[in-house]
Amino acid sequence: MTGADATLDSETGATTADAATETYTASVVGATGFTGGELLRLLAGHPGFEVVQATSRSADNMTVGRSHPNLRGLDLRFSAPDDLESVDVLFSATPHGVSMDRIDAYFEAADTVVDLSADFRLPQAAAYDEWYDGHAAPAFLERAEYALPELNRENLPGADLIAGGGCNATATILGLKPLVDAGVLGSAAGDVVVDVKVGSSEGGAGGGAASSHPERSGVVRPYAPTGHRHEAEIEAYLGLAVSFTVHAVDMVRGASATCHVFPDEPLSKADLWSAFRGAYADEPFMRIVAGGGGVYRYPEPKSVAGTNYGEVGFELDPGNERVVVFSAIDNMTKGSAGQAVHAANIALGLPETAGLGFEGLHPVGSP
Amino acid sequence: MTGADATLDSETGATTADAATETYTASVVGATGFTGGELLRLLAGHPGFEVVQATSRSADNMTVGRSHPNLRGLDLRFSAPDDLESVDVLFSATPHGVSMDRIDAYFEAADTVVDLSADFRLPQAAAYDEWYDGHAAPAFLERAEYALPELNRENLPGADLIAGGGCNATATILGLKPLVDAGVLGSAAGDVVVDVKVGSSEGGAGGGAASSHPERSGVVRPYAPTGHRHEAEIEAYLGLAVSFTVHAVDMVRGASATCHVFPDEPLSKADLWSAFRGAYADEPFMRIVAGGGGVYRYPEPKSVAGTNYGEVGFELDPGNERVVVFSAIDNMTKGSAGQAVHAANIALGLPETAGLGFEGLHPVGSP
Amino acid sequence: MTGADATLDSETGATTADAATETYTASVVGATGFTGGELLRLLAGHPGFEVVQATSRSADNMTVGRSHPNLRGLDLRFSAPDDLESVDVLFSATPHGVSMDRIDAYFEAADTVVDLSADFRLPQAAAYDEWYDGHAAPAFLERAEYALPELNRENLPGADLIAGGGCNATATILGLKPLVDAGVLGSAAGDVVVDVKVGSSEGGAGGGAASSHPERSGVVRPYAPTGHRHEAEIEAYLGLAVSFTVHAVDMVRGASATCHVFPDEPLSKADLWSAFRGAYADEPFMRIVAGGGGVYRYPEPKSVAGTNYGEVGFELDPGNERVVVFSAIDNMTKGSAGQAVHAANIALGLPETAGLGFEGLHPVGSP
Amino acid sequence: MTGADATLDSETGATTADAATETYTASVVGATGFTGGELLRLLAGHPGFEVVQATSRSADNMTVGRSHPNLRGLDLRFSAPDDLESVDVLFSATPHGVSMDRIDAYFEAADTVVDLSADFRLPQAAAYDEWYDGHAAPAFLERAEYALPELNRENLPGADLIAGGGCNATATILGLKPLVDAGVLGSAAGDVVVDVKVGSSEGGAGGGAASSHPERSGVVRPYAPTGHRHEAEIEAYLGLAVSFTVHAVDMVRGASATCHVFPDEPLSKADLWSAFRGAYADEPFMRIVAGGGGVYRYPEPKSVAGTNYGEVGFELDPGNERVVVFSAIDNMTKGSAGQAVHAANIALGLPETAGLGFEGLHPVGSP
């Protein structure tokens, strides 16, 4: 780690990292993928990180701008993933199953590992047997800290293995956590229905016929009707078994979770405001959007596209004593790379919001 | 009514209405709106109807093709709604509240009235007090027959006041009816959560800032989080109180209902196939799409865009004994104008599928 | 050929093919692709054809509805392309280069061959050397008739080898033909700039990274900046060398050609109306849309989506003596399968508009 | 003007404006509109500006986040436009015609005025008579400096009236300027055809039926077939009369200009690279994208969405000695608010790229 300066893409035109801020060297493994590119984008604009390596098996020696046109200004080429440079922090954005195989090599190359796959997300090896294809390095599971700061901030400082949350799990957890914390669910906890709508970037780069533009445009496709793996994550971190269904809709970035909740005792709007404000009033990246005027009255993926913000809101259905909770994030940012950078900031003692200041756009189309 | 021939826009190039088919004269009231235009499209290609009047207050004397570019080939101009011609069948596509005020005039002009608004949908006047602004002509409610043939076919022959169903209610009813009929819901009936996704045509022509392209593109907008009026319709016709939430997503045509159902007793896939086949095997416009191969494994609004088909399907969630039912329609066709024509065909003794033969497109974008 | 009856998907609910109409047996080779599916859709609703075979190498023995969800009602399975059944008409929708290799086998199986690829579009073998990879069966080029009826109707009756036009060429030819016919271009013919915007269905089913939804959504992509093969076709049939550029934009179906023309002598609006009416007044599938009121004042792909219509229109730029001609078609229908069926109707003596009666939808999204 | 610190929405988490950077107070007049909101977004993240007033007649006293959901974190309310606070810099984002009426009041309130409307864009009052409804304050036209730094950087330092360029004119000028500077157009200058594709944000907030989502989705609409006012601007600043046509396509942000150019003498690729590199090699916001590998081979609005970048590229058509030049910008940023901030940075002696560091997103949908 060095005290060196400056990022390539200064937000300010001035030198953003003064002498007092340390700069950590970083590498991104699996950098041709969408979340890998999002990591590069965030780290390139981050005063506390200097990216020294971006690996890709398929695009070795090509410029990162060839894969990610927004990064054409970055003077960086992909290198082969087999020769990892020594860095302070290694971010891994590989498909599920790769990190658990390479975790020893990661720690040989880096002091801190931030993994964006599912490989270290779940606390128990048994869950990998049930939901995935088992685990190749279960000894690391206890060492891993779940990245979502709104859930796990107190355990992040000094963590050296950080496991990024799943995008749909993140949206759901952010929506339900205030009710869980307020203890208002009671025995109704088992009745929570979560209906998620997601964009095409969740399918990753490449994709087959189902992801092709003619087939994927304009769909409302039940792409995970039941049995989505993120259920395991929600249960592990909220202690809640939810009925979970995911639909693909026509956007590229974004995840919107609608949680239908049936509390034991009727709740008032004031109860809900109290629960949500109690959970998020001090959170730098959480916004409560519940009614009010204007066009955007509830959480909306468009409103947070490209940002690390999460929006949560709610409405009350007095007739059937239901609470509907809405939650919206950018699956690529708050749901993946932004969450990882946020957690790394806390782990390393950097300013919590460093590198995550983009406020989003208005208007914006299907982001 | 005459035995006369032929439609302007022949599907076949040959004379489609032979001497044996009678042709009914028809008018469309409120024909500049989206559902009015959809009625004109369907009736123009229907061998059993001859459209003699299309009314519009705002576009009086303009060609129908000016409002509906797909109907440029139709030699028809809008006329003022105050001078209704005498016809066999009057279709009304006015906003809610208009038909109940004009119902006497409608019956002066026509033998049969088919109303696409909410004005005669609910069987009890009390429901209009609760969900709408009361009712101006409650005496007609008992006379009205609900249009959806899959629900009410036996009462349609000879009906002279037909009330078209609401689009979101139609999607929901079609999805849940097989389970209601099979009697498998039991006391769990009260736990049904219905999460609907709809296109922008539901908002109608015109629209304000919230419907403008820059704001509406790419949304996942909770536009009726709770308290949607179609709940009343579902309860009236299925005997089921559902928890109902509607989201606007980025498509123009289409409604997709996802029903999360928790039966008293665990159901098997065979139980579900049996219930759905029992309900719809003989229905000419219903398709069961539940798993299988290819890109389109569940009901998808794109697959039925422009058609009178409804697709229904399901998946089983053994972990929490949940059934997820999916249902997709074109809100403009099966959810409104197509349903109305279908019901009119039955009421008048025309071939049931007449004028409704369009099979849809593949591929198609955001329809 | 038989006098047999009826199509599976009757538009009318009544029997559409009476005893007086002959029915031709037909096969579709290459039927899993988008244009193959479009052919199946049109032929299934056509009273003059009975589809007896649909071939596919990749989906042998699967239902056609698995690939084309709109055709789920069709009781037909793909068969291997090596065993061609004997039919009256064989439609081929294979990639370029296949038909020229199999043309002898096609004629062994069928009396009439309608090819939708580029293989028989150009009249001279030399053009295949310049724009494609040569030609394997040049002897058939003279025998082939170009399918576009607006250009070549007089040569279609009795033709036994029909070559469908390219979609972008079709849009361009339809726009410029009236000016060519009117003889108003003069020496300015060489200055015509054609700027085309197309949907993603032009790329065909499957597709790689560039066609994936996340990359393809929302683009204005110069996908053929110069050197598009359809230039050859335009030159061959209009006698005009155009400067041709094609952009991919966010729609699935549709091609819109904007032709910037600089006539030798200034033209008036009356001259233009005269030229366009002269060319198309009697054409059943051509509409002139040039100014006027309403939202749709010029040709618009949305207005013709799913139909066999072509819309053409124009505007005058007095300042620089430019005429701007607009032309819109559905690339899958008028630009491919619809044009083929239209030509086959003429070749076989069927009613010219048979099977092509779909009028399109309003509103419709990105079709 | 003060030496005070800090912006609300720090990109870095650290204090971005150290003591050495001066901060200018700023107001935004017309801040509920799209470009007004974009100004607020950019200025809120700019270390050199402190926004002290945002005016709106329609939303007086409401939070800016109500109109612009991305700015919910901004502690700022709209105020009435009649009471302008005294500031260093006043940015005006009102409709055309307002600024020329209020210019005296603007200068009473501010030392520097940056106007984003057309009111001071054209150098000659006569042009306003020809293209607009005349000019109410022609004396200011000479004082105004055109904002586009790539064209007019040398005259911006110290300018106190800056006139932002039109979005479509900006895209066109950026594409053609290298060829004009290189002097290669010769007498062919009069033959340049410019075919522009734009997003729906160009129509502004609100909008009528033509801008509603059902009608506007998926269009390729010739919305300014001829006679677009930006022609005047292009001619004024490039000395070039172009044939100009604008199409609306399905995106929200973005303008893409395709210029078809016919030089007197054949040009080589090397000539083009030399011309474009000569023009833009030192420009911080210009990128040359001309061929190469990957999905994004030419300028693409998606690649610059939300950023102040302009992409330009070209392709050569040897057959007809045509050069096709492509140019892509975000109409809201480089084409309006970003250009204005860029120019203000230069005028005030701030770092040129200050506040404009956002690099854009990948993937992103229809931005």
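Chains here go by letter, A, B, C and D, matching the order in which they are written, and residues are numbered from 1 within each.
Operating definition for what follows: contacts are C-beta pairs under 8 Å (C-beta built on N, C-alpha and C of every residue); 3 or more make two chains touch, one makes a residue touch a chain.
Everything numeric in this text was worked out from a predicted model, so none of it was measured.
Colleague: Quick one: how many steps at least from subunit A to subunit D, stepping chain to touching chain?
Modeller: Minimum step count, subunit A to subunit D: 1.
Colleague: What's the overlap between the neighbours of subunit B and those of subunit C?
Modeller: Touching subunit B and subunit C alike, sorted by label: A, D.
Colleague: At what distance in angstrom does the C-alpha mean of subunit D lie from that of subunit B?
Modeller: Measuring from centre to centre gives 46 Å for this pair.
Colleague: I'd like the Å distance between the centres of subunit A and subunit B, where a centre is the mean of that chain's Cα atoms.
Modeller: 40
Colleague: Two-or-more-chain contact residues of subunit A, please, as numbers and ranges.
Modeller: 34, 199-201, 205, 209, 214, 217-218, 250-252, 295-296, 300, 302, 363-367
Colleague: Residue numbers of subunit D touching subunit C in their complex, please.
Modeller: Residues 190-191, 193, 195, 197, 209-210, 214-215, 217-222, 225-227, 231, 241, 243, 245, 247, 249-251, 254, 256, 258, 260, 262, 295-302, 315-317, 319-320, 322, 324, 326, 328, 363-367 of subunit D touch subunit C in their complex.
Colleague: Enumerate the contact residues on subunit D facing subunit A in the complex.
Modeller: It comes out as residues 9-14, 16-18, 21, 34, 37-38, 41, 44-47, 62, 66-73, 199-201, 205, 251-253, 287, 289, 292-296, 300, 302-303, 305-307, 345, 350-367.
Colleague: What residues of subunit D sit close enough to touch subunit B in their complex?
Modeller: Checking each residue of subunit D against subunit B gives 34, 199-201, 203, 205-209, 211-218, 250, 252, 365-366.
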